[in-house]
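A, B and C are the chain letters, set down in written order, and residue numbers restart from 1 in every chain.
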Amino acid sequence: MLALENVHTYYGKSHILHGVSIEVGRGEVVGLLGRNGVGKSTTLKTTMGLVRPAEGRVVFEGKDLAGLAPHKVAHVGIAYVPEDRRIFRLLSVLENLRTGLERPGLSAERRQALLEKVYASFPVLRERRNQAGGTLSGGEQQMLAIARAMMLEPKIILLDEPTEGLMPRMVSQIREIIAILHREGVAILLVEQNVPLTLEVSSRVYIMEKGQVRHHAPAAELRGNHAVIHQYLGV
Amino acid sequence: MTVPIPIEQILVQTVNGIVSGMILALVASGLTLIFGIMDVVNFAHGELVMLGAFVGATTLTSTGSFWLAFVTAALVIALFGAVLQASTLRPLLGRDPLTTILATFGISLVLQKYALWQWGPSARKIQEPITGQFHLFYLEYPWYRVATAIFAAAIIGALWLFLRRGKYGIWIRAATQDRIMASAMGIPVPLVHTLVFAIGAGMAAASGVLFGPLGGVTQTMGFDFTLRAFIVVVVGGMGNLGGSILASIFVSLLEAYASLVVSPAQAVIASFVALILTLLFRPTGLFVPTPK
Amino acid sequence: MTVPGSIAAPADGRGGAPILLTEALTVRFGGLTALNSVSLAVRRGEIRAIIGPNGAGKSTFFNCVTGVLRPTSGRIVFEGEDIAGLPPHRISRKALARSYQITNILPGATVLENVRIAAQSRHHSWSLLRHYRAYTDVLDRARAILDAVGLRDAEDGLAANLSHGAQRNLEIGIALATEPTLLCLDEPTAGMSVTETRATVELIRRIAKDLTILIVEHDMEVVMDLARTITVLHYGEVLAEGTPAEIQANARVQEVYLKT
């Protein structure tokens, strides 16, 4: 469904992605692991159209996304939850969610139904729905960022380090949310540094190093392969 | 200076200050919205006021209706603003600020000369729709002035509601806070920019028509508006809508009181003093909470 | 003086006091503690790497040492002198130089010019009448540095036309030109290809013979290759310190990196 083919991305002269190729099938949860600075976030940003690749293609459902503005990429069915969450701090929780609901062709009933669904999965958001986004705790903001992406009813969500800075209790909440999304058939490209979580929820995992994909295996295989994990992620 | 100023004069100047303040607020809110969402410092904003006044004057002459002239001017200049932004400013998005400053400054020169060519060198007049006065202390105060302030307040109130409710309000506020994330949420940011510029232009045109009966319509009237609007936007906090409205009234009151002791032409110094003090001591704006 | 969480620096192999020493270095930003009582000692002549997961405080530490950030409390002692809170240009005069993550070269000047200007800063005179070409010793020194960083052949080209890797190496050259005794490198191989990285590692190894080097890096291969001692930071504290072999064998460090 989604394929990055030999993508090279630069920030100015800095060559961040050196020919990255990744695939995510319909409804799949795919993990992307790697140390800091290897280009994981850049991979997601290139997919979302926030950065233009210098070489290579991003193909979604058979269509080349070359040059599409990020809002058009969102319309095509890709949603993005960035590493720093990027909640609209001055908008209320409800208004944050509405940024994803104000789409053409969405009836008022459907909007209400989507809101109810997300409130059921994240009761704390219902409680705080009229509070400004900036007043939420870190964990609540992460919930909101994911819920906001769900409002787009995407076919795939790009999740950038959702557990970063969260307490262990919240990490299991993230695990549950990923499970819910997977049950609903939403594909996920999960960038993480938390190895156990990633191996648990993903069917396949790519490991990156220095702007390249260095290893690609089913998660089941990697769960027992400590050597590879240590090589690319340990010290 | 120990010249005692009678309390009635101060009260009358307070009313005058509020009236000018509300018209200025209409201009400044458009300017601050535009800056807040697309980082464009619109040096041509005063010319939009001027063009609005001219279109209003012309429409009034041909139809005889002030309110028709008002609505026509606002709509025509809003549309013009949209076309202007989409053609000349949109391609400049993301460039350094100097580029947009130069571009809008160039546009202001072009618009001034265009007005000269289109309407000739003589000033126009807009007849006020509400004649009659009421007794205010020692003066016969025109009803129109009060009506202007109320009307401007109503427009600003409508803008506020528009931004707080409705789909476009959310789009505008989201795109102002985080342009990139708004885009990632499917909000068509380039379109929102054009919309905001159109709204700002329309409001500027509206103030031009409202101001017409008070000060006349000339090709060079725009500059004073641009100047004062910039002072207000800085004093009120750049990009801060509530701040620019409060600052408009504040600065206009300062000038009104100052013109009790010096001539009105010199009274504008009061605005500059407010600007300089703000930049020195509270550069993020007087009406903005101190950043932590 | 031993501080919990750090390993007291062993006796310096080359004799003498450490070239850089921090004592209980703490940085707080409002409610956030970025560095918590970090004490370490860098021995003269070694290559010391600072590593740690995201948010560990590596950049904060680096910025304190190089004078970009003022610590909340604690001491930074360089060559026996207290430098905590000094501005960057004063620190540079004291022979501590740094390179930057976002390339800081002068793109419109030639490669030689870039290094010459830095070299000249060490020997400025107030004479307005002498042409820069008259300072032959400065030019010689600049050329020697270009030799060291492998850019001598490109000396007359514009710095803007260099490849990314070459630009980062030029940065190192500019830092070298200020004649430091301690060189601080901030992610010197970021954005480089594997080949460029290898070349930079060789470069650093070459120049390390006469210098002490403090390096912040994410690339583990580079770190393990170059460093004599590694300090691991985690949540603003020193988690472990030791040789590459010791760090790789340290279970707690692996845990922290793999989030198990």
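General remarks:
Everything below uses one rule, namely that contacts are C-beta pairs under 8 Å (C-beta built on N, C-alpha and C of every residue); 3 or more make two chains touch, one makes a residue touch a chain.
The model shown is predicted, which means the values in this text are computed figures rather than measured ones.
Centroid distances built from C-alpha atoms place B farthest away from chain A.
Relative to the centroid of every protein C-alpha atom shown, the closest chain centre, again from C-alpha atoms, is found for A. We define each chain's centre as the mean of its Cα atoms; on that basis chain A and chain B are separated by 43 Å. Put simply, the C-alpha centre of chain A and that of chain C have 35 angstrom between them.
Rounded to whole angstrom units, the spacing between the C-alpha centres of chain B and chain C is 52. The residues of chain A lying in touch with chain C in their complex are 11, 13-16, 18, 35-38, 164-165, 193-197, 210-211, 229-230, 233-235. Chain contact summary for the complex, chain C toward chain A: residues 51, 53-55, 103, 163-164, 167, 187, 190-194, 197, 218-220, 232, 247-248, 250, 253-254, 257-260. On chain A, the positions that touch chain B within their shared complex are 48, 50, 69-71, 73-75, 79-80, 82, 86, 88-91, 95, 98-100, 102-103, 148, 152.
Per the touch definition, chain B reaches chain A in the complex via residues 167, 170-171, 173-174, 177-178, 180-190.
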